[in-house]
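The following block contains the structure, expressed as structure tokens.
For reference, chains read A, B, C, D, E and F in written order, and residue numbers begin at 1 within each chain.
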């Protein structure tokens, strides 16, 4: 086929697609100019990891003799870009759509600074998570190995950061952050979930923690565990309704177990065996296992 | 160890390896000159996402005032590279190995243009999938959030595109595309599967949908679900045989359930509970659950 | 908010964080100067893939007429960077912390050359794994497709390479390598595990193979399978203790099954059904399934 | 010297420099936030070359089947970035410093569109320059070779573009553009100069054409020629005064000749010999040479 | 101005330009598909420098323990890309325009291999040039400094390489190479010139050496020297005619001197003073100076 | 030609070249392992420009709210890389070749810190040069335009920085820096020259200022001026001997003038006309011009 013919074919396909874009369907409601930039949000997430774990996530640009100035420079970078993305999201999001560009920009600056002020609190929590991972896994040879190579701690770190943005009312960005963690680790924690200190995820792939889940202190969960909703066929009518379970302190949930439902409470100090399927509350100190046939 | 000694050691290891490469084993049958380029196929996949969801997957190269010309330019880029990769694959693949370079190139152009013409059809299907995701998940705040942050819709989109290439008889490329989706989302849908409209995957990690699976309309599946084969110890003898189940319309399959076997049919309007293990057909409107002991 | 005010706010947040960094918690024990570089280790891993499968993982920098010189150049690159990372890790790691920089450098060179010498052995094993994948999956159309698009073979390849480094006593790096494989494939094989020839992983997402697992020849496992520990609440006291199961030759374990415990042995030629939960040994040639209710 | 000591030294040098920055000297009057970006202006210049000579300056990003859409996309890119730089310059520049950001942005858009509309006129002039180069240089084998490899045509092209921006009253940007040409070619043409059609520069290094120079049609100049001011010790008092010579139609000026002064007119059809030094007018059809001793 | 209006304006300007492109002028005779790639030719030139001066122009991609394999890899890279560019040029160039793609490709391979075989000869000449630079400049502290920092040697090196391609009859590429040298150094040597051994250029900016110049052994020239044509108003009629001077052995030409004309011979062992203007032959051992008044 | 044949040809050419490399000529005395990295030195030079003119040479990596921390980070980067290059040069250079790696490293740190401490002094001088450029050129509309677009000030800035390194005894690096300036601007100032305050270069291409030149205050020179040696046929015997002229305060030298010889003194307040050729001293307040014939 000669170049001219291909050019013609491509033009026709393009015209067809342009027509297609102009349908009034869900898929066609794009606003090219005010969309947030997913890549930028992922980049911000990576820089937040460097702020949280100074030194572990290397800065390839500058060598570090002086942690202070390096941190400050990094912080300015994060503020600048986070301001921009939050402002775009605020303009874009239904809840704020009345605000003009300037109001959005001011609101965005307040939100991103408020967020950064919470990082020490997040680090205090992560310190307990790291300890839980070290104490809980005999294969761990050092805290460093956990920060370098454990998907669980990576997912929890991004969740704890995203949760603060979620808590401040920033839309969409926290979900993009936790979905990035999900893509890297196979661990899907909704930024709306509430999770106490000393949280340990072992291996992790396939874990789902739903939006309204509440998890106490010193909880340990394994790969494939679902803390989910019983049924969501109710769809958007269920928005804001408590749909996911409560896991009290000191609970261990083994691999591939499912705990479902907004009224389901796993009492403190319980152990939930692997591959179990729990849809009702269990009292404290329970031991729940299947028999093998 | 000094530089000279290391150089010598490396040379010896290299010679050893070169000898090793010349064995007549499966691992050593490379054809350096006609292999497709995996990175290029992934790049094409990313550009297809920008064509399918104009605006959501940003082009960092050009700012967009004018969607038409931007699309046309993007389309030319995709055509150029897809032509190249399909031509390489055709030369490479056993089924076409008789064709000379020119025949392959012509055939490749026909295939890639035929593929692009199908994109409006794919978008029409994706519109129903997006609606299903929005209707089915109370945590979804907007269609935008679904496109930006839901792994299920990402995996379905890439599957639907790859399926069209599979259907046109293009070898290997569709599998590289869906495996890329698998790597990003943990959702493994074989491009050969047949999937109806309004398909919703929640969370998704660990989902497997086999090559000969047939899924009806308005089906919803959760993380960890396997729609697989009963046994594949029969190996290559089973090629082309129906090995995976049929899921009829309006079925919901909860997390970690397995539905296996080419003769297994899940009747319409059924609900399959989490962590169940189904190897035989169930009638329409069934409710299948395990009890917890 | 004006630029000056933001600058002030950022400075204050920075100071707060610097203070936070100076706590004496696990999270704050960084040694900026001697940490290994995770990105570099991932880059080395990618280059090892190109050495193991010459041609399949393309070198975008140089065209290849001559495999020998290309390999040699690639090998030098790997040696140079691996030397550097191993030396950093040795200085960093508790077990070697007595050595000065020069001793570490010499030791690192010995280790990286010893590692590269083992690659032909690794390739011989991988040849059997490729054959197992081709024989075991009717959907596989060629060995090439398996190398290009099968997550199982990617995870096994990286595991087999990392296992050799683990076996040589290199700390942390093998774990970073297998965690990279985990991130790409959802398959989490600890580099300490022992795995025989003709190993096949189908689909793979959610698979966990623990540190002290021993797997025989011709074993086939599916997505979601856990070969794990019964309980790790014993934590660091269990370090070095056998905690994971033994899987004998010719065993198949279907999706989402869990086999747990250091004393658990799955006898040869057994088939373990999907979603089963095994915590005790089973004799050879067993068939273990759940009933569906 | 250990890391801590270096860190301390660097901090002290930094403090010293910060103090130095706060002097009230010419060198210290920076306005970090509103400065134009030199790299961006050079990038725009490169894209303008691709617009002027479609195909000759390759676009490495997209393959071109269709010149129209490629051009449109390129044009949007130029408009977007030129708008931004002109707006920054307008805010920055003394002549416009009263305008607020929005006024500057609107003015910038008008200027950049007006500029682009002039490109066909520029191309018509360049067509005559190309013809002059081909006719004038027996070493030229084709028009293509001239566009690819002649510094004279590159310098003239950038000058002709910059001159239009200068003519529209855009400050600083035209000078950055011609200085970029100067850096590449050694030919320094001030964007304020007026130059007629069929202009040919041979070799070119060392050529200087001052701000108020007027050059007629069909003029040919060689390397090292200066069309300059007699003396500029008068400095800023001379701003706006005619300081550079007039060169009438059909004049040839050989290498290293200097023609100086605002009242100096080289009459039409004259030939000025190499290494001459002219500070007074010469009548039409003159022949001016030095004797060699 | 709103986005829509700008889009409209840009579309109109684009249409105007597309019309402009379709004129039948010299500037509009582009052949997008067969043009050589200037950037690629410059890249090849840089790699040739690394081949000529192994080690001095660093390869940032691979570390070098082993010069042999590094060189071979580099050579393959150069051959691959040079083949491609020569083939494009041959198709493009008037002199070869009869050949089909395959003939051009074969011819290109022969030419690029023939070229590479001449590199040892080029290096032998450059060795004499380096010695001349070291002997001739008291400011030179070492051969290394000359290779690293002397524009003269850079320009001569690129000229000597380009001259071999010119001699093999490759069109346009040699000119692009020497024009690249010109842009970097201000020294403009036509690839057609003939230059003997022990050639030294001091400083160099502004030097012009025309296409038919012949330079003997042990010649030294300074910045601003022109070895040019008397007049080229004869234009294309002069193609192939000897237009530039002959400089015999052991001549020194000081800064800004011009020696012009195809019949002009500077006899051996002459010294030509700075800023002189020579249009007739001078006998051997001449001393030519201006008096200063 | 088939791939195998090309491979063979390339191998033969490589072998030939390797043999060629092993000659004992000047060109073959490479020490691959200890050579400085020219690209890195150019990169350092660019960062020094950003330190000298904060804000004018943009940092594309980080946005700048806070000049202090940005500067400190930049400074660390420069120190790190300058240390490395100076250490390499010291090991490499004949004058220091006795020192072991550690001694060189310590010496390098001292030199690079000493250099950075001199930057305020350099900036004070540059402030006078900027003022001279503004006062001296009626075409200059602002100090900013001079920093952005004047080659003279760029060349002087790099010279003044390089001169400090030269003065500290660092070999080769200063020459690479000024040669970089030469490549960008056509102005070639040897780092060994001594130049007073309020120095102004107009246009600049073709200017040469030799190693032992001494220039007073408030001197202004134009394009094409040579301040050079009378003859350097004496070669290396002249090393360290005064070979270049002295230019006293308040002198102006117009375009293409040459002033040559170590004994030549241009008396204060003189004006040297364009294209003159001066090889003997002139008294203060002289006016030197050629007549035009």
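Rule of thumb we're sticking to: a residue touches a chain if its C-beta (ideal position, glycine included) is under 8 Å from a C-beta of that chain, and two chains touch if they have at least 3 such contacts.
These are the chains along with the protein names UniProt gives them: A, B, C, D, E, F = Serine O-acetyltransferase.
Predicted model only: the values in this text are computed from it and were never measured.
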item: C-alpha-based rotation, subunit B on subunit D, 0 to 180 degrees, nearest 5; value: 180
item: Most remote chain, CA-based centroid, reference being subunit C; value: D
item: Separation of mean Cα positions, subunit E and subunit C [Å, integer]; value: 53
item: Gap in Å, rounded to a whole number, between the CA centres of subunit E and subunit D; value: 24
item: Where subunit D touches two or more other chains, by residue; value: 3, 6-7, 10-11, 64-66, 68, 72, 76, 79, 186, 205-206, 224, 256, 275, 289-290
item: Residue numbers on subunit D that touch subunit B, as the complex places them; value: 61-66, 68-70, 72-73, 76-77, 79-80
item: Subunit C - residues contacting subunit A, complex; value: 1, 6-7, 9-11, 13-14, 16-18, 20-21, 23, 25-32, 35-39, 92-94, 171-172, 175-176, 179, 182-183, 186, 188, 190, 192, 205-208, 210-211, 224, 226, 228, 231-241, 243, 256, 258, 260, 275-280, 288-291
item: Touching residues on subunit F, where the partner in the complex is subunit D; value: 51, 53-58, 60, 64, 67-68, 71-72, 75-76, 79, 106, 109-110, 113, 116-117, 119-120, 123, 126-127, 130-131, 134-145, 148-151, 184-186, 202-206, 220, 222-224, 252, 254-256, 273-275, 289-290, 292-293
